[in-house]
Amino acid sequence: MSVSVRIDECNGCADCVPSCPYGAISMEGGSAVVSAECTMCGACVEVCPQNAIEMPQSEPADSDTASGHGIWVFAEQRNGEIASVVYELLEAGRKLADKIGEELGAVLLGKGIAGAADKLIGCGADKVFLLDDTQFEYYRDDHFTAAIAALVRAYRPNIFLFGATTNGRSLAPRLAARLQTGLTADCTELDIDVDRKLLLQTRPALGGNIMATIICQYRRPQMATVRPKVFPRAEYDPGRKGEVVAPEIALTDVDTRVNIVGAVTEASDAMRLDEADIVVAGGRGLGSAENYRLVEELAALLGGATAASRAIVDEGWAPYASQVGQTGKTITPKLYIACGISGAVQHLIGMRSAATIVAINKNPEAPIFSVAHYGIVGDVVEVLTEMIKTLKKLK
Amino acid sequence: MDYFLTEEQQMLRELARTIAVEKIAPIAAELDEKEIFPRELLQVMADSDLFRVFVPEEYGGLGMGAMGNCLVMEEISKACAGVAVTYAASGLGICPLLLFGSEEQKEKYLPALASGEKLAAFALTEAEAGSDAANIRTTATADGDEFILNGTKQWITNGGEADVYIVIAMTDKAKGVRGASAFIVEKGTPGFSFGKKEKKMGIRASATSELIFEDCRIPRENLLGRRGTGYIVAMRTLDRTRPGVGAQAVGIAQGAMEVALRYARERVQFGQPISSFQAIQHMLADMATQIEAARALVYSAARFIDSGAKEFSKEASMAKLFASDTAMKVTVDAVQIMGGSGYMRDYPVEKMMRDAKITQIYEGTNQIQRNVIALELIKESVKQ
Amino acid sequence: MRIIVCIKQVPDTAEVKINRETNTLIREGVPSIINPFDLHALEEGIRIREKHGGTVTALTMGPAQAGEALREAVALGADDAVLLSDRAFAGADTLATAYTLAKAAEKIGFDLILCGRQAIDGDTAQVGPGMAECLAIPHVTCIRRLAVTETEKFRVERMTDDGYETLEVKGPALFTVIREINTPRLPSLRGMLRAKKMAFEPWTAATINAEAERIGLSGSPTWVVKVFNPPLPDGQGEVWQGDSAENAAKLIAVLRERQFV
């Protein structure tokens, strides 16, 4: 299976050839030819100036296609506290629900968490599906998957959103496989095709180098996970009214194959980075592991947290907990100072929403300068040393 | 340039290169500065089976011969000559076992050496016996079913770190050149201790020290080869490993040239990269040409040895001589091209220059190599 | 212990560049590598085998070229490898991929399945859990430590959003690993020589008895309808060149003005 080229419309310009990350396109007899290496990522479809390349469509497996009602949000909670991403999901979910005139529901599992339902309603949920039981006190894949699958089968929502948290990324795929439906990860944009009530799920692909919009046309619910800090939070309105539903879901045969034996909270760096107003980040331009201490020193002087690009985390100059970007954290500090970071797409995804971005890099062409509000072209070690000197004098 | 390596040789070179680039190069400067013995790197090399290269398959090796050894040496030396000589010196200890060991001795020592679990060393040189190798004073006196060793060996690579030592000692002083024998001595044997670690100009990651024998008793079975064949063991061993030193020199030179070339392209003076100046271009051209010639000679000698040749002293000496002289010249020129930067320890070439010097000295000084080559030439000429 | 490690051959996405003028991907010179997370999974599998005995089988789904990744896995220490390759598998999204890999795993037989947390091209982290569901076995994602306690029982440390938790899992089970779990070894010569001699007969849909509607494009509920370049920001910031000391001072002055200092 591969994309297909409409030979009549192909003008032989060969723009598609270099766009394919898998080298699957070549020119033969003046037209583009696609080989078996094609993975249908769609990169060429966009590039073709003649719109001569198309993605194959599959036939619906069954006729039960367009049914499903309501938009649900998984209200992940830990120790009784709702995860902050849930409020972002409610905001996004509310907008989508309003567009298609359907209800927004929140699915809340836990022990003794009935009180949290109010918060969810206040932030936009019309209904809260509450499962309050000892077996849901701590997150466990087996129990949560079974319970939520039962809920889905009973109420048949159209769309189901999850936060792309560690638990969310464990639960959603297992649930999707159980329900045999489609799931899109790490969506950065969500929109809806009002006529078909199709969720348009946009996310970074190919390691963040391109963006793809994905749909799940014939299966329900349409599932998606959303990265934290990408969407704005819903505002709490204490006057909002909603309903709390406590369905009777019989869960007898859940085999407890996984037992939690201990849990450790490592406050420090990970949390600080998420909440910090000021973040100083280091990248490969620092040159060596020793130079990362300049980043630490500057952060300490400014009262901020430290962060790192993937490149230097891979080198071991900084811990994974401080990684910002595609496979690290997404943060929205008030001030982000990027030191020796080139600004590859994978990194920008993690910090472009910072209110003020400062970049220091010796390469004037570095992409980081296109997002920076203030940029210094120069040797990052020199600039940092000078900044630290100046700040110390001010104290 | 195609060196016509077999697929297996290419694999070997790729693997050695990966280890050199990913594991050795990043810490080479630190190893040099702090004179750290590269234990962890040796383990990485052992885990990747590099110590199996020159050991035949029947003893746990991969039997890739002198050529295999040269390929590894070249790649490792590009990153750090000190790590390379540590690896090579173990080979220098393994070689006599391969050539002259009894089945029992081979089975006892080779598997652990091939797996890299243990390291070897070779001890010939003494304070009074450098080029004049026949002048050794260390004695091995037969006493019942033991030999008693007395004496001191000097400047032994892997001294103190190796587990297995091949030691050349005098068993019959009166017989002169035919009075020396080779012995296997294990670290920890009572009466066997080590002097201080030497402070060297270069190859500082490598451990070089004295071996001290004070009434050191070793079992009779540890005699390697027949009594009285000590110098034959030594000479045959050195002949066989000489191309490896040549390969080390080629690696050092190649590494230095690449650094200098990259620098020359980036360094701008008088509004141009210095690589556009003829003076620099000529230096680079000469460096590259000499390196290719040295490499060709080293590979030729190695392949000749692997082909089963009986006599190869001349070829091995030529390879070592030419390659080491080339390495010295190339590294000096590399520093020159890089000017003031080349002189600074922030850049790798000054280390390469310090490392290169020893290749002209050890495993037979280049003066001795010239003697060997000349004598072989004359011998051949006489035969005709 | 029979260990299966799922690996994927991916383009080295960190090396993919965008041609700023034509806004297209520059594909030339982007090497294919084993997904870095999978290297950690493979290393862990080999360590478990070294400690407890058993076999490690590398499993991949892809075009014929993916055989190279399997060869590399064997060179690193896997005992054998299975290549799932069939035109019918193409176009698979994560659900179809998880199903296909699960059917192969069933055929191979296993006590433990290890996967990397996510592939650096798709970055979904969905195949591991999906595969576990298809096999009806428990799974734990993002593990940074794995130990085998009694036979059939595993003890793992799982990274959470604010720390980690320790779990005991009844086997057979599937785990996805993160980089912290180990440092992958380099290939060994003996491994490379072994791998060179191996031929990988592709397993097709028929080999694994796969249902046609659950594999490839037919088995994929999701598909891409549009691909576009990430929007380039407008770059309206100020960029200062010249003397670093001056610029540093200037920046501090700006930060003071904005009350960051």
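Note that the chains are named A, B and C in the order they appear, and that numbering of residues resets to 1 at the start of each chain.
As a working rule, a residue touches a chain if its C-beta (ideal position, glycine included) is under 8 Å from a C-beta of that chain, and two chains touch if they have at least 3 such contacts.
Everything numeric here is computed off the predicted structure, so don't read it as measured data.
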Which chains sit in contact with both members of the pair subunit B and subunit C? none
Quick check on this structure: which chain has its C-alpha centroid closest to the centroid of all protein C-alpha atoms? C
Using only Cα atoms to place each chain's centre, name the chain farthest from subunit C. B
Quick one: report the Å distance separating subunit B from subunit C, using the average Cα coordinate of each chain. 42
Centre to centre, by mean C-alpha position, how many angstrom separate subunit A and subunit B? 55
Where the CA atoms of subunit A average out and where those of subunit C average out, how many Å apart are those spots? 18
Subunit B residues touching subunit C - in the complex, by the definition given at the top: 7-8, 11-12, 15, 18-19, 22-23, 44, 47-50, 52-53, 62
Seen from subunit C, its contact residues with subunit A in the complex are 11, 13-14, 16, 18-19, 22, 24-28, 30, 63, 65, 87-88, 90-91, 93-95, 98-99, 118, 120-130, 132-134, 137-142, 155, 158-170, 173, 178-180, 213, 216-218, 220-230, 232-242, 244-245, 247-249, 251-252, 254-256, 258, 260-261
For the subunit C and subunit B complex, residues of the former touching the latter: 185-193, 196
Subunit A residues within the subunit C interface of the complex: 1-2, 15, 18-23, 36-43, 45-47, 55-59, 61, 83, 141-142, 145, 165-167, 169-174, 176-178, 180-186, 200-201, 204-219, 257-267, 270-271, 278, 302, 310-311, 320, 326-327, 334-335, 344-346, 348, 352, 356-359, 364, 369-379, 382-384, 386-387, 389-391, 394
